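Per-chain residue numbering starts at 1, and chain names A, B, C and D are given in the order in which the chains are listed.
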Amino acid sequence: MSSLFVNIFNGIVIGTIYALSALGISLILGAMNVMNFAHGEFYIFGAYFSYFFSRSLGFSPLIAILLSLGLIFWIGFLVEKTLIHSTYGNLMDSLIITFILSIVLQNIALIIFGPYPKKPPSWIIGSINVLDLFYYSSQRLITFIVAVLLLILFFIVMNKTWFGKIVRAISADREVASLMGINCDKVNSFSFGFGVALAGVAGAIISPIFGVTPMGGVGIGLTSVVVVVLGGMGSFKGCVIGGLLLGIIENIGVAYISSGYRNIFGFIILILILLFRPSGLFGTTIK
Amino acid sequence: MKKSNKNLLLVIFLGIVVCLPFLLDDYWLHVAILTLFYVIMASSWNLLAGYTGQVSFAHAAFAAIGAYISGILSVQMSISPLITLLFGSVIAAIFGLGLGLLCLKMGGIYLSLTTLGFSEIVHIIIKNEYEITRGTMGLEVPNLLGFYSKTAYFYIMLLVTFIIIFFLAKLIKSDHGLKFKSVLNDELAASSIGIDTVKVRVIAFTISSAIAGFAGGLYGHYLLLITPEMSSLSQMFMILAMTIIGGMGTLSGPIAGAVFLQVLSEYIRIFGKFHLLLFGVISLLVIKFAPGGIVGLYRKITQSKTDPLKIETQSKYDY
Amino acid sequence: MWKLKGENISKSFGGVTALKEVNFGIKEGEIVGLIGPNGAGKTTLFNVVAGVYRPDKGSIYLDDENVTNLNSHQLCRKGIARTFQIPRPFPELTCLENIMVSIIGREEKIHNSNEKLKEAKKFLKFVDLDNYGNILAKNLNLIQKKRLEVARALATNPKIMLLDEVFAGLNNTEIRDAVKLIERMKNEFEITQFWIEHVMGVIMEIAERIIVLDNGEKISEGKPIEVARDPKVIEAYLGDTDV
Amino acid sequence: MLKKRFFSIFISLVITMLLISSISIMAQEETIKIGVVGPRTGPAAATGVAFEEGIELALDYINTTKGGILGKKVEVIFEDTGGVPEKAASAIEKLITRDKVSIVVGESHSSCALAEIEIANRYEVPFIIAEAWVDEVTSKGYKWIFRAGPCNSGVVDNIIQWIVAEDFKKIMIVAENTDWGLGIKKLSEEGLQKEGIPYNSIITAVESQEYYTELNKIIDYAPDLILAYIYGFGVHDFIAQANEVGLSPANALILEGAGPPSLWPEFWENVGEAGELECFVSAMHSKVELTEVAKRFREDYAKKFNREPTDYKSRSIYNVLLIAADAIERAGSADGEEIVKALEETELEVASGVVKFGLEPGTVKYHQWQPPMLIIQWQNREQVVVFPKEAATGELKRGK
């Protein structure tokens, strides 16, 4: 029985990270109509930068994360300006370009950071006995709390600030937004930077748990896509619930079906959702 | 260029290709055979992406399905690979038809994501069902001919490539090809004049899956080893990069792209770990600065000074 | 006896009502105009009739056959052809190929390719584009694109043609040419025409009957002169600053 | 028009290809060429780095210290396999037919090795495998194929002997779903069955970084030893997470079955205190030096790279290069038949022992030499050899 608890609990923790990373894809998809295939690579770069700042330069974890967040935002901004900008209005072009970009970024990471896995120092050591049922890593709990705070922060930014309102206006109707005098170009670069920074921050906070390798972004990138589809394209709420659901399903699936098939559950859900409810749990269809 | 010149060039070209086994050493012949495989893969993916606008990520997975079905049948039932090859192709086509019927109604991004999911599922299943597929170890399969000869294999591959390219060229110039192009150009307009866009896409998807399955089988029975790597995303990346670098939506593009990248990869081997990066950067540059790929660039150079209204088109319907 | 009939058609998009209980009918051989101010729901009605959208409620009959749930291409084979407000010929195909697609789309077995080609050329000639057969459609100007689109629609052998703002963006001479084309279409092919126009004017001269939509509802219907005098119509158009 | 374009593009490409290939043929010098195959890209690129280091040291020794062999310098051509069998097959084919190497060495993926031995055997070029453990490599009985490194059944034999010697009661096998993981899992199960020791096994996804579910299953089973057949970073996660969920060495020791991951520089960064008392299989140890060559290797390594050797695969490739050079020297020429004959008579001291290939055809021991495999335990961040007893530097600690 306790193993069921720990599996669900762990699913929620992992699912929160999925949600955080997937929100970035959802934001970029909604605001720019661009499917970012290279999302997982920004995730690993976030992790690598925080590794570099904390392990090599000796900054505290918080500062390291903030610095890598800024750096990823800036890189995203530049990538949008140089590569993504010309693909507007063509979802397929953006898909192809970001697919190639992901291969390029993986290999850049391999050359800069080498093939050996990197792991920033843990913020806290040890584990906690949860309700006398099971032991759980303190680092994971703290990461979970930080991730939830970041999720809350994201929703505040989206609902209360000027930027959030503009992004939502653009997502709802691009033409109307540009008629209202919104400079879509600027917002685009900004939202791309912001979207990939979400992946970066997810990578940075989770790297003390899982570490990072050059190829480590492929899995989380695909998972984030699954979460976005599951929740419904363009729905932020859907992302959060989709992430949690997927986290739980994966853990239960591994526990009771087959652990060798850990990564297949997400894809099966992806196909089922696309077949029976292509708009996902909370989404509207994208043309 | 005059017609006679064109024919002369064609004869010279065919001559060179047919003589390749006598001009190349064993290793380059091996590269040539692999190149032919990629020519088939890129050309058939191009039928889908370049002519009907559907970006599928499952093409490599279909090749793997074809290869594994053919391989498993020939190993476990001791049937000649010449027969199992067809089985593999048919099964790949059936999978293609099924997947097509399921998701082509949605089109666009939904198709891409569904094929992506499908391809990963195939990859994971092949890796895990090691009792049937031998997992990452790879399945050792018999030779297509029963004896090992690179020269013979080269000619078989060449023949198959020619037949497939010829078939694709005919298809694209046929009424079906015109339907494909109309769907690519404007789906709504096409359906408004009576084109069943879903059916057109399903046909293209099934044909290209069948070709991929066949090519995969040929590839497997040449290497004598089939591994899950065949269905991986990096394999898919190669096919995609070849088509784009060569020029999507043209008949010659995927051929030029496959030859270019295969030959290039032999020369950047010395850069060892940099070669994937180089491929990626080249692909990005091509997309950014020469969206039509090698073929597009060539056309741009030869036609830059012509009046657009005077541009000769490749229509088979001459006025 | 209606050729094309719509009953109680309603359609809304995410809470915004585009069409509300619209009824209409068109007789064989008639030219009917559909007018109304911006956002009245004219193009939505066309899209519902042409099978792009399914109506939320209501039915459409073609020759008394219920065709409400058919797709675009099925409706086309039943004889409904259309043009678009902003013309949408296939840009990367030649003019001749554009029309060939229509002929192929009919999926008639009897044709051999020479006959198809001959027929396509006939339609090109009908819209005076016979010198442009090998030109890519993207290189045409606006009026040529519109003509090509009409030819492409005609090539599907329609019984009824839906024309969406044929005159938009044309100057007076071009409008006169277009009017001639429409009249020839009626005379030579005997096609029933259902026709959207934003601006009253030319349509009042050609159409035999006019239907007026405002805010998704039919507010008036009748002979052009009657409609023009209808106070409800005048009010609707006065509210629209665009006239 | 279309055809014209397509063919002129094609022709120009073909011509360039021919031109460049003829140029590269002309630029050849008189050296003895040895080919190396191994992953330089992809998930196992770490092995490629270790190989590069080992190659450098071996070349320094052969060319500088010894002044070459047969009066010529040795040249190494290192081809990338990417860890992918198809690429591996192409790579070795290129080495043999294009570079005309006299002998090929290397490889660390079983799946790649299986593809490569077919080609080496077909072209009749000797091939010494360093680090591909699957039994079939040698049990197939190919005349041209040698292995101077561990094989799965040899490693498993060692592990089972250790289990019996230390009297473990209940074993959990955790294996990644790759050829190596599944192969060694099966052999271990057979070995444990023969000894009548109860066991259970779990298969994990190779890309996985998350083992909570698996670990909770292990806790429920309550073994006193976990055989972790996970290669790469995954095993670091596994060890760290085992500690997090409360699996301490007091309940169950972990034996990592591959070796290098426990020696990588990042090991302690990644596992933290959870690494204490972890055991692993290795052919190399920081204090135990089995031969003079091992000492020389360590000193040269430290001088060249300013650190201690960590990944023992740099030493494996060093060894096979020495074996190859020795065989060519004794063969007196680069002739394949002669080299094979010389290899069969090899009796050479390398960094992990004295090489002598087995000659019983039809068994895994044919053309196989396994260096003594040590079982090492981390005790206070020091490597302590706990098995075999002859080489032991300390006692196995069970944890409190």
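To be clear about the criterion, a residue touches a chain if its C-beta (ideal position, glycine included) is under 8 Å from a C-beta of that chain, and two chains touch if they have at least 3 such contacts.
Given the structure is predicted, the values throughout are model-derived calculations rather than measurements.
Undergrad: Can you name the chains that touch chain C as well as chain D?
TA: Per touch definition, common to chain C and chain D: B.
Undergrad: Please identify which chain has its centre, taken as the mean of its CA atoms, farthest from the centre of chain B.
TA: The chain lying farthest from chain B is C.
Undergrad: Which chain pair has the highest count of C-beta pairs that touch?
TA: After counting contacts between each pair of chains, the winner is B-D.
Undergrad: Which whole number of Å gives the spacing of the CA centres of chain A and chain C?
TA: 47
Undergrad: I'd like the Å distance between the centres of chain A and chain B, where a centre is the mean of that chain's Cα atoms.
TA: Centre-to-centre distance between chain A and chain B: 33 Å.
Undergrad: From the mean C-alpha coordinate of chain B to that of chain D, what's the distance rounded to whole Å?
TA: So the centroids are 36 Å from each other.
Undergrad: Where in chain A do residues touch at least two different other chains?
TA: 107, 110, 218, 258, 260-261, 263
Undergrad: Show the residues in chain D shared as contacts by 2 or more other chains, in ascending order.
TA: 41, 45, 48, 177, 203
Undergrad: Give me the residue numbers in chain B that touch at least two other chains, ranges are fine.
TA: 128, 273, 276, 312 - these are the residues of chain B that touch more than one other chain.
Undergrad: By the document's touch rule, what are all the touching chain pairs in this structure?
TA: A-B, A-D, B-C, B-D
Undergrad: Under the definition above, what is the set of chain B residues touching chain A in their complex?
TA: Of all residues in chain B, those touching chain A are 53, 55, 102-103, 106, 108-110, 112-114, 116-118, 120-121, 124-125, 128, 233-234, 237, 240-241, 244, 273-274, 276-277, 279-281, 283-284, 287-288.
Undergrad: Report the residues of chain C in contact with chain B in the complex, numbered from low to high.
TA: 50-52, 71-73, 76-77, 81-82, 84, 88-94, 96-97, 100-102, 104-107, 113, 117, 120-121, 130, 133-136, 139, 152-153, 155-156
Undergrad: Mind listing the chain D positions that touch chain A in their complex?
TA: 41-46, 48-49, 177, 202-205, 207-210, 212-214, 216-217, 219-220, 232-233, 236-237, 241, 243-246, 264-266, 269-270, 272-273
Undergrad: For chain B, which residues count as touching chain C in their complex?
TA: Result: residues 175, 178-179, 181-182, 184-186, 188-197, 308-309, 311-313, 315, 317-319 of chain B touch chain C.
Undergrad: Which bits of chain A are touching chain B when the two form their complex?
TA: Residue positions touching the partner: 35, 82-83, 86, 91-93, 95-97, 99-101, 103-104, 106-108, 110-111, 218, 222, 225-226, 229, 258, 260-261, 263-264, 267-268, 270-271, 274-275, 278, 286-287.
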